[in-house]
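Letters A, B, C and D mark the chains as written, and numbering starts fresh at 1 in each.
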Amino acid sequence: MLHTFDLRVYYEDTDAGGIVYHANYLCFAERARTEFLHKLGLSNHKMLSEDIGIVVSHLEIDYKQPAFLEDKLTVETSVLKMGAATMLLKQDIKRDGILIAGLKVSVAFVCMSAKRPIRIPQELRSKFETYQE
Amino acid sequence: MLHTFDLRVYYEDTDAGGIVYHANYLCFAERARTEFLHKLGLSNHKMLSEDIGIVVSHLEIDYKQPAFLEDKLTVETSVLKMGAATMLLKQDIKRDGILIAGLKVSVAFVCMSAKRPIRIPQELRSKFETYQE
Amino acid sequence: MLHTFDLRVYYEDTDAGGIVYHANYLCFAERARTEFLHKLGLSNHKMLSEDIGIVVSHLEIDYKQPAFLEDKLTVETSVLKMGAATMLLKQDIKRDGILIAGLKVSVAFVCMSAKRPIRIPQELRSKFETYQE
Amino acid sequence: MLHTFDLRVYYEDTDAGGIVYHANYLCFAERARTEFLHKLGLSNHKMLSEDIGIVVSHLEIDYKQPAFLEDKLTVETSVLKMGAATMLLKQDIKRDGILIAGLKVSVAFVCMSAKRPIRIPQELRSKFETYQE
């Protein structure tokens, strides 16, 4: 299974080169992860209030094609690997089915105040596994 | 008539104070203006390719309530006044009908290369007028 | 007295119109206010840890000239008015002495958890007053 | 040789987790690359006016430690490898000598209108090579 999230490119996302600013693809991917969480019944806001955060520990992005002002993009998210406190996600950003940027994102569940990793709850793990490739 | 645009607050929109960063409401309002244009059959991208831009010349914003991570916000846009090359827009950003931030935004149609104002085409003007308060 | 803060325009600050994105001048002004605080011996970080924030309650910005990639800009900050819990600041963003954007920013000292205004401490007030026009 | 660039973390760089938003390290690294170019006598603005851009083709980032509001960070940039039209850069973001985030950034010199890679001029190549590890 694949989670998909659609977005439009606005002025704020572009730069003077006339294309989407390279760092903003990471924002697009984060929005998609948040919507993915929501789909699974979770919320960053609620988690933060319980001192839990999902932080990015490593990220790789391959820029394939530029995207432009007002493009409609889709972020496809799937799970590549699950660890005790971590997950490796694959996130492809596409325009009309063409790959614009491909990301591999390692995230860790952490206790925000203690800055320590915490185990992903079993119930949540099962939900993520349905999106595993 | 009122144009409405919905959005969700993501991590990128918030700051260490735990609330939406004050400058980002201007981005929300700009997204709404872009969607408003699209609704009227226009596109910034197409306009830029014809050397036309809609630039903000003056802006006023009143911050009423903080907004938080993952809030669902609505931007309501209407036209307060129309000039030959300019428009004054009212944009209210709300959460569940409660005003979060109220903007008054003056925009001007300009020739981007010459940096000069240009007259709003009559056909477009008629469309905007249906959203005039 | 006037507080001045210099910055350079980077790709992230610009948009596909080839100029600085209008919302980013608010970020420039905020950076200047933070440096102004530091000059007076304060820090947002320390204040937040004491549950105090300086939040923007109202803002007005007049866009005079576009700014471009790699421009060197200066933000000049002075105090227009002081209230018990609020201040009205004037912030001019210039390039080579030419006004690019002029802001009037109302800020309030607030207790972040209670979301209530708090009185500006007398010692701090005296320091701000030396920058009053 | 190593190019170093200092910056301060402002509110705009942080998120509701109380730390620097993960995508913003890419902005910090881009600022450093721009200042590096300036040091070598180049400018993105001038290059764009000649239809040349330096675009990121691949990027990897390892997040080691969170950074906080008002931290002073340093970006250290060096050249790992040079190709005909591409360069691989190493960029370490540090606070007081401690690694916060480590990046490997592949950039390509491209003709912006044709979206094609172009050869790095020999004079420029020689300058970059003095920063090669």
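The rule is simple: contacts are C-beta pairs under 8 Å (C-beta built on N, C-alpha and C of every residue); 3 or more make two chains touch, one makes a residue touch a chain.
Not measured: the values here are computed from a predicted model.
Chain pair with the larger contact count among B-C and C-D is B-C, by C-beta pairs in contact. Mean C-alpha position of chain C lies 27 Å from that of chain D. Per-chain CA centroids place chain A at a distance of 33 Å from chain C. Between the CA-based centres of chain B and chain C the separation comes to 23 Å, rounded to the whole angstrom. Shown for chain D are the residues that touch two or more other chains, namely 11-12, 16-18, 23, 27, 30, 44-45, 48, 68-69.
The touch graph of the protein chains shown is complete. On the side of chain B, the complex with chain D involves touching residues 11-12, 14-19, 21, 23, 68-69. Of all residues in chain C, those touching chain B in their complex are 16-18, 22-24, 26-27, 30, 44-45, 48, 53, 55-63, 66, 112, 115. In the complex of the two chains, the chain D residues touching chain C come out as 8, 10-12, 27, 30-31, 34-35, 38, 43-45, 48, 68-70.
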